Structure formats: C-alpha cells, structure tokens
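First comes the structure, then the notes that go with it.
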Amino acid sequence: MSSWTIVTGVIGSDTHIVGNRIIAIALEQAGFRVVSLGALTPAEEFIKAAVETAADAILVSSLYGQGELDCRGFRDMCIEAGLNDILLYVGGNLVVGKHDWSSVERQFLEMGFNRAYPPGTKPSDFIPQLVQDLETRDKLLGRD
Amino acid sequence: MSSWTIVTGVIGSDTHIVGNRIIAIALEQAGFRVVSLGALTPAEEFIKAAVETAADAILVSSLYGQGELDCRGFRDMCIEAGLNDILLYVGGNLVVGKHDWSSVERQFLEMGFNRAYPPGTKPSDFIPQLVQDLETRDKLLGRD
Amino acid sequence: MTSSNDSLRNEPIPWDIFHEMRENNLSRWPTGAGVDLDAAVECHQRLPKQKRMAQVIRFAYEHHRTLTQPRGGFGTLGMHLELLRTLQDEGLADLLPTTTDSYTRNERFGEAERGMQESEQAGRSMLNGLPVVNLGVTECAKIVDSVDRPLIVLSGTTMPRLTAEITLAAGFSGYLGSGIAYTASYTKDTSIEQGIRNYQYLDRLVTLYGQRGVEIHRRQPSFLTGTLIPPAIAIAVAILDCLLAVTQGVTHYGLELGQCLCPVQDVAAIRACEELCQEYLTMFGFHNIFTPITSLHWMGAWPHDEAQAMALIVYGGFIAAAAGAVSVTTKSTHEAIGIPTKEANAAGLRATKAGIQLGASLALQGLRDVVDEIDLIKREVRDIVDKTLEMGDGDVCQGVLRACRAGVLDVPWSPNREIQSRVLPARELGGAIRMLDFGNVPIRREIQQFHQEQLQKRATAMGTPLSIDMAIQDVYGISEPLTALPNTLIELGQIG
Amino acid sequence: MTSSNDSLRNEPIPWDIFHEMRENNLSRWPTGAGVDLDAAVECHQRLPKQKRMAQVIRFAYEHHRTLTQPRGGFGTLGMHLELLRTLQDEGLADLLPTTTDSYTRNERFGEAERGMQESEQAGRSMLNGLPVVNLGVTECAKIVDSVDRPLIVLSGTTMPRLTAEITLAAGFSGYLGSGIAYTASYTKDTSIEQGIRNYQYLDRLVTLYGQRGVEIHRRQPSFLTGTLIPPAIAIAVAILDCLLAVTQGVTHYGLELGQCLCPVQDVAAIRACEELCQEYLTMFGFHNIFTPITSLHWMGAWPHDEAQAMALIVYGGFIAAAAGAVSVTTKSTHEAIGIPTKEANAAGLRATKAGIQLGASLALQGLRDVVDEIDLIKREVRDIVDKTLEMGDGDVCQGVLRACRAGVLDVPWSPNREIQSRVLPARELGGAIRMLDFGNVPIRREIQQFHQEQLQKRATAMGTPLSIDMAIQDVYGISEPLTALPNTLIELGQIG
C-alpha cells in the first residue's frame, strides 16, 4: 500500500474523541500516515492541516449532533484552499436525534462529502473502501 | 339496591379463575346475589344456571384468547332458553393477541353482548355501570 | 388404563399394563396410529447434540450458563414455524417451545380441528396454541426439522397422554407438566388422582424412551396458578411431583419456579428448591437424579405499560442468572394484553439475554438476607412435605391426595374443587410473599407468627387493616401503573 | 477575574474580587444584564418545597429513596417545554434537566443564536440542547414556572460562569459540573487551571446564594469521559473536586458515578465513594457537608438493539436502588443513535423507575464480593488522592495541576492535552473494570499485580494476548449485538 496521508479530527465544539482516536490507531496499524487533530477542531484547522501535509483524505468525525451545522461549506473551503482532489469522509452521529440514515447520508453527500458513515461504524467497515477510493483516485490522477 | 342475581364464570376451556373470583367477591360486597360457576364453564351451564336462578345478568369472563370461538351464539342460546331480557357482559383478554380494543368491542357487541370490557378492568370500573344498566332495564320492564 | 377403582399408588406402572394403556391411548384419535416407537427412537438419535434438550441443559448446568426459552404457539403449522424461526433468529432463544392450544389441552380435538381451519381461513391465529395432536407425528416432525434448537412441549393440562405420544415421536426432547401442579392450576373438576395417573403415564413413557437410550428433559411447573405463590408451596409441590416422576423411572427432571419479584426471595427460592429436592430424593434412595432449576418471568398479572413490563423482563434474566438457574422462561411486553406477536416475543428474549449477561457475575447466595430466607423456606417446605408424607402412610400418592383434601397441600387461587385454596398470600414491605392466611397448611407456629408480623408491619405502614382486601390488592400490585407508586415529591410537598 | 498570572490556590475567592468578577462576567452577553441577585433570591424563596432540588434530595436521602432524572434539552424554548412536560407527565421524572447545547457550553453564543433560529425555522432541533444564555433570565424562568419539579442545569463545559448566573437567577436549583472532571472530559486546549478557576466562580456564586438562604444542589460529574472509567479514578477526581468546592463554601455537593455494568463493582463504587469523600472532608476539617451519590446509566457506547438497551436502563435503576444511590440519571433506547425523542426519553425513565422498585429491597453492601471490592477501591483511591495532596505541598489546586502533569491523576480516553491518558482500562472476566496499563497512576504494586492477574485470566480464557486491542475491544463491548456473545448451543455443537 502506498503511504497515503490522512487527516482526522472531530469537528466543531465536539469533544467525543474515543471513536476518532480508535480510527487513528486503526489507520496507523493499516499503514497510513495519520495527522490526528483530536477533538474540538474547527473546520479551518482540518483544511490547514491537509494543505500543510498534502493529505490525500480528510476524515471528519461528528458525534454530538451539530454536525450538519459544523460541516456546511466544508467542500467549498477545501476548493478555496486549493484542495481540489481531496477525498472527504464524514462519520458518526451526524444529526440531532434518530433519523432515517439514507436521508442523512444524502444530505452529507450533497454537502460534498464523498462518503458518509452511520453510527456504529467500525474501522474495519470503512478502511477497505477508503483504500479502494484512494486507489481509484490515484489512477484517475495518473498517480499510480 | 334491589337484590339482583348475577351469574359469573369463565367460559370454555379457560382456567383463569383469579379475576373472575375477585369479581364475585366484589359483587357480593356490593350486595348482589352471586352464582359463581368458576373456571372451565361451558356456555350451556351459564344459561342453565341463569334459568334456574332467574338471574338478571350473566358476566362471562374469557381470558385465554379463545373467547371469540367460545362466545359464538351465546345470545341466541339465551333466547332459546327463554332468557329474553337478560343482561350479558363479557370481559377479559377476549381475543388472541394484541388488537385495537374498539374493534374487539364491536365484535362482541355484534355477538349480542350488552357490554364488553378490555384487559385491565377492575370491579370498580364496571359495577356502577352494571347497576345503572340493571336499573334502566328494570324501569323498562316496569319492575321497579 | 388401570381402572380408577384400584386405589392410586406411587409405583411404577408394570410394563405389560403400560403397553396396553398405550394401545388404548393411541387409538383415541386417528393420528395416534402414526406413533412408532422404533422410528421415534431413531429420529431422536439422528438429532444433533444441540437439538437434544437433555444434553443442552446438562451442558448449560455444568458450564453455569443460563439459557433462554420463550413460550409460543400459533394455530397453524405455517404460522407456528414462522414464529419459531423468529424466536430463534431474532430472539436468539436457546430452547424453543411449542405451546398447544386450550382445546388440545382439554383433548377436545374436534374443536381444535375447527379452530385450526378457521385460523387458516382468517389468516390469523384463532387458537392460543398449536393443535399438535390434530397435526400428527409427520407434521410435528417438520417443526423439529425446521429449527436448530431443542424443542419443549408446553401444554398446561392434566391430559398429556396423547399429546406426549405424538410430540415425543416427532422428536421433541423436552416436556413440561406434572400431575399435582397442573391439576391444581388448570382444572376445576378433574381429580388430583386422575391428574397424577395421567402424568404417571407420561413419565413412564419418558422412561420407555430412556431405556432405548433417548433421554428426555422432563420438567415440573411449580408456578401453579402463578398468582402470588409463596416459594414454600411451589417447592413442596415440586418435590412431591418429582418423587412421583422418579418412581416411574425418570432421571432428568427440571423444576420450574415462578419469580416473586423480590430479589432476595427469588434467589433463595431457587437455591432452596434445588437443595431440598436432592435432599428428599436421597431420603427416598434416589441418587443421580438431575434436577436443574428453571426460573420463570413473573407469572401474575402484568402491567400494561411496555416500558414497565420491560423491567420485569430484564429483572427476570438478571435474577435467574444471579441465582444460578439453568434457564429462564420469558414473557413479553404484550403479556397484559394478549399472546405476543413474534416480534414482541423475540424482543422479550433479547432483553432477557441482556439481563442474564448483566447478572451472571453476581453470586447472591452468600448474602445474609438470602441465607436467612433459604433457611426459612427450607423449614416451611419440610413442614408441608413431611406432613404430607406422613399422611400417606408410606405411599406418596395417597399422602398427596389426603393432604390436598385436608388443605395441608394448598394452592392460592386454585380453580380446582379438590384444592381448598384457603391459603391467602400477600406481600410484606420488602416485597417478599408471605401468608396472610395459612388455612390448614401445617407450617410451625413460630414461622406463622413471623409471617403475620411482617404483614402487620406493612399494614401499619399503610394505615390499613390486615384483610383479604390487602391480598386482593396484591394480586393487582405488580400490574398497577407506575403512577400508583408512592411519589416522593408529592410526599415532600405535603409535609409541613 | 483574577488574572491568570496569580498562581491558582485552593482558597475562597475574596468577596470584593468576586463581585468585580461577576460584573465582568455579566457584561459578556446582553442577557447578563437581566441578572439581579435580590430578585433571584426572592424567586427561589417563592418556590414550593418540591421544586427545590436541595430539599428534595435531602428528603430522598433520609427516606432511602432513589429518584429518577433524565437528560434533555431541545433547541428552542417551545420544544424544550414540551419535552419537560412529557418527561414529567409521561416519564414521571422526579428531577428535571435542562441540557444546554454545545455552542452554549463553549460560550459561542453567536452560533447558538443562529442554531436556535434555524431550529425555529426547521421545526426540529438543530442544537443538541437549549441555549439558555441567549434566552436570558425571564425566558428561563418560564421553564421553572411550567413544571412541578426541581430543575438542574446539565452543561458539560469548563465555562459555566454565565450559564450559571442566568439559570440560577431564573430559579434553577441544581447545577452539575466541576473543574477537574469537565476539563478533563470536555476540552482539548483548556488548561485544568482555567477549568478550576471557572468552577471556583460557580461554587462561590452558589455560596453567595447560600448566604442568602438559598441552598443549591451542586453536583460533580465523575463519569469523566464515560469510557470504561475505573471507579478509583472517578472517585479520586470526585473527592478532589469536592475539596475545591467546599473550600468556596459549598455545603451540599452531590457526586455522580457512571455505572460499570458489573453489579459488584457498581455497588462497591457507590458505597466507597460516599465513605471516602466524607473521610477526606473530615480530614480537611469540613463537617456537615452533604454528599449524596447519583448513579448514572452506562456512559460508554450503547447497543443499537432497543431491547438490549432496555436491559442497561432497567439494570441502571435496579442497581442504583440496591446500592442506595439518591438518584439515577437515565438514558433511553435511542442512546446509540441520537438525542432521544421525548417519548423514548420518557420510556427510559419509566423503565428505570420500575427497575428501582425491583431493586429497592436488595441491600448488597453486605455481600462478601462487594465488601472486598469496596476495600480494594478505597486503597486505590487513597493511593491516588494522597499522592496528589502530597504533590500540592499544602495546596489542593497545585496538587491537582502537578498530578495531572505527572500522570498521577489520569483519565482514560481524555481529549485534553494536559491529561496523559496513559491509563488504559479493560474488563476482567466477571466484568469489573481493571487497568491494563497504569501509566503513572501511583497505585501500590500489589494492587497493580492483582489487576494484571485478573486481566491475564481473561486473556488466557479468550486465547488472546493482553494488549491494547483488548482495551479497544472493551470500548465496544457493551455496544456489541447479542449475537456476538458466546453461544452455548454452538459451543455444545462443536464439542466432540
């Protein structure tokens, strides 16, 4: 596996660090280079870190329910910062309350995330997909 | 209160005696004459007892779910036996499973019962109604 | 059948007579002809281990596991199979049931037939269980084939003879029921004598299977009428039923106990039951009889509020595990209303399993209160059982019959005419079930006084007299909505 | 505000400085102007007894009751009032909450304002709580007026100063939060020092109310990150936070403890916490400080299966009552997914209440296993607290700061940079939480060895090495579906 760089963190005023830290551990064990921003990370910091480390993907965690407010415009901010081809994943308890997952997913895909993951996702549930998406992207960009 | 005679029992192959016995105790405490047939009482026995004691009302209990089979034709059998003005009440867990009460009630009223009572009914929930129904009936029959 | 003129004795039915009885029995309904013992034995021997209830229960017992088992039966084979698959796959049940309908229980096979047909037509179950006799051996065997769990017959009746022949031949490996308990709780006119005779048949049949190498999990239902049964009464009946069964040759005999919903008493009852049963078996010279305990979710009236009902369900798993019961028989949040949907039934199973997981590490036997309660229950049970045996003049059956007649063996709220039902239970403040009226139950005076004192404390606290009203109130107690509980804030508001 | 150059000390804030601090604080957002202490005191004095949390808790404590309290807050006043009425009327909650939203918790009042407006427009809550500061005193007072229960503010934050001013002035009579616990679990960059300063303010404010005759129920949240917190760590932090609060003059200080879901450990933790806290208070010369314990439903990851979740809920009520906690803070079957609907929240409350009713008669303190665990926890806590105090050289605050820096005071899975988070918990076979890695936590060697041995037993039983993987697995443990449990039947099937 080529050594991709992944930025992780929990967005907004959200302090739920446990799942995010487990993701970071799992990504490292899987051979990624991980830039772990931790809890309570403003959107801007994700983008700054991605630019500085030439990251391949940003994994945004949001657990506390206010993710739909915090994640607005995230893709636009990436583009503004020149991150044109960056892969954006989001996961956690993305909205307030219990909602039909497919509508929540649609909402975040429309916001520009490449993939969104529901509560209860484990690293092993998404890392294979991440690898595949990165490989596809690298091929498209002629980077393999 | 005039001393009305009430026949009580649990119909069919039904052994749930507890509620029925509590009803009998409560009716006695309320001044009724009670003919208590106990559990596992065939429809015919209710009617025989009502004829023999010139009962004013029959209170049929059915808990075990097969009441809709056991109670079929109960009113017709009363009429056949010459019990034209007898008041018929039924109560308990009348059908198999959890159903909308209003449809169960309708079903038993259509079968000829004057009143039907849902699970969870206590003596104090229906005795006042019984007294009122008996008084009304007595008035109609010019018996007061 | 032995003519009912012969006086009933606690002796094994001689095999020659038994074979005659079987022939008679099997000819009572056309499907009886489908029973073939050789084929039946082969069928059991083909079952994989995890589908043999006796083995599964022994394994669980040795490994200190608490298994889950629901109740359930629908009026047609199709509906029933769908139910069992849900209970297995969604409910994760360890043991699977087949509850028979009440017509079958009363051997009114004609009515059962009609009920089955009407259920078929209506597309919903009009029967409260599956009419297994009408179905016959081949159809019932489809049930065993369709699931990957051992199956137990749940048929609350004094007339198990044909039902047992059909279901055991079809590969069912567990059978619940007993002569004293079921007669006292399920019938009005059946004599205890007749009830015991019918179960002597069943237990002899199970012994016949045993001699052919097929161990069946027999089980006694000491929950009785389920209505505030004091542990001592449940256990006394369980022990007596057990002595009758082992006399017929049964070696694997589970004992059920309904939960009282008082943790100390529930744990104590389970421990006391197992210990006492072995004690009496030894006294009668029976060794190596396996008597594991099954704990039952609350058998009295349930609350309508489903959240509140869930508490009884979870508690049931938790306390069964903490007390070391080998299995727990579950109910659902629909209990107060009607036979549960398969989904509600499965949810009850899962909540119970989660409760078991939480209770499994808690060993409550050592708790002082539990030790005291075990001791109390044991003394009470011995008073009842010893007096009953004494009345039998050397014969357990005669002892039981005389004890029932005398009210020495008494069951609260029983529908049966031969049971006095003078004993009247009520709860003390801590929730333990005590006796408000002992009737003729021969429990020693100082214990009677203790019960009275405990109940008096409650009456005093509530400002009511000790009376039947309190006992009736307790029949409803657990089913009352939570709004009926004393409310701390209102109390505070009312003070000064 | 005291400039952060002054080194932090555990001393009461002088009143003159405090008044200056208050002025500053209240001017940070327009609604601050609405706070008037005289009016606030009057408002509290007009409250009926059953709406004063301090009194209600004292009453429950004296009468050995376990009260229920949900969590809950929605983004607009209207939604929030509807929620509280449901929790009171359908949930029968004894105490009512107002959870603030995360913007408010981080004093991002501009964003909170926008969230509230968007919630109003969308007709659903876009905030995870109620923005009480934006609402101000008069609007918040409507909450107190609209219900018949005492209200507690739930605001997991290190920045409680304005939120407290507004809500206390509005008649809220309970306030949750503390300097060490919340800083360690809710923030990344905030220093422990700053967190403590902010709560010194809150506790001084509560003392100000106290001096005017208004007793507020202050409460410490030792659940920390809620993620497998070993009781010793929770209790050590609780005691240290308590010492800081009483130094500011607080006399009524509840302590929360998250449940471990191991019955023995849960009961032991509750008993040990209350006893140890009083022990240290006495050592520091504080008498007559009221420190009742609140038990919390499992604070880690929940299962998605609602039946399984119900087991945790019922257990929570049962064990809180059995351990003698004064109240239990509830969750719902929606916990794994999102903030619960008001109906689910109410159902969680009712199931808890029913669980309390079942557990109330069970006094588990005397159980041998519990006695041993209490003893173990006490020795662990003393090792941590005594070392911390020693490091303070006479000042608790300095001790805490140094202990955090040194990893002596450590919290598993903390997001805060000043917390080492080296301690790594895992479960032993029976479910008790032990430490796989002690980091620098100064617990005596023989106890460390005991933990290792217990965990090694589990690793051996599972055939896996002792490693961080086991600890991570345990983070998910309770949330795993029941299908992930060992299956007795499958095991049996595999044998032989």
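Every chain is named by a letter (A, B, C and D) in the order it is written, and numbering of its residues begins at 1.
Throughout what follows, a residue touches a chain if its C-beta (ideal position, glycine included) is under 8 Å from a C-beta of that chain, and two chains touch if they have at least 3 such contacts.
It should be emphasised that the depicted structure is a prediction, and the values quoted were computed from it without experimental measurement.
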Just tell me the minimum hop count from subunit B to subunit D, counting one hop per pair of touching chains. 2
Show me the overlap between the contact partners of subunit A and those of subunit D. none
Centroid comparison with subunit D (C-alpha atoms), farthest chain: B
Just give me the whole-number Å value for how far the CA centre of subunit A lies from that of subunit B. 67
Gap in Å, rounded to a whole number, between the CA centres of subunit C and subunit A: 56
Subunit B and subunit C: spacing of chain centres that average the CA atoms, whole Å: 30
In whole angstrom, the CA-centroid distance of subunit C from subunit D equals 44
Scan subunit B for residues touching two or more other chains and write them down. none
Which residue numbers or ranges of subunit D touch two or more of the other chains? none
Among line, ring, star, complete and other, which best matches the way these chains touch? line
Give the pairs of chains that touch; include all such pairs. A-D, B-C, C-D
Would you mind writing out the residues of subunit B in touch with subunit C in their complex? 10, 12-15, 17-18, 21-22, 25, 38-41, 64-66, 68-69, 93, 95-99, 119-120, 122
Using the touch definition up top, name the residues of subunit D that touch subunit C in the complex. 48-50, 55-56, 59-60, 63, 65, 67, 92, 94, 148-149, 261-264, 303, 305-308, 310-315, 317-318, 322, 347-348, 350-351, 353-355, 357-359, 361-364, 366-369, 430-432, 482-483, 485, 488-493, 495-496
In the complex formed with subunit A, which residues of subunit D make contact? 75, 101-103, 105-106, 108, 111, 114-115, 118, 124-128, 156, 185-189, 225, 227, 301, 304, 334, 336-341, 344, 413-415, 468, 472, 475-476, 479
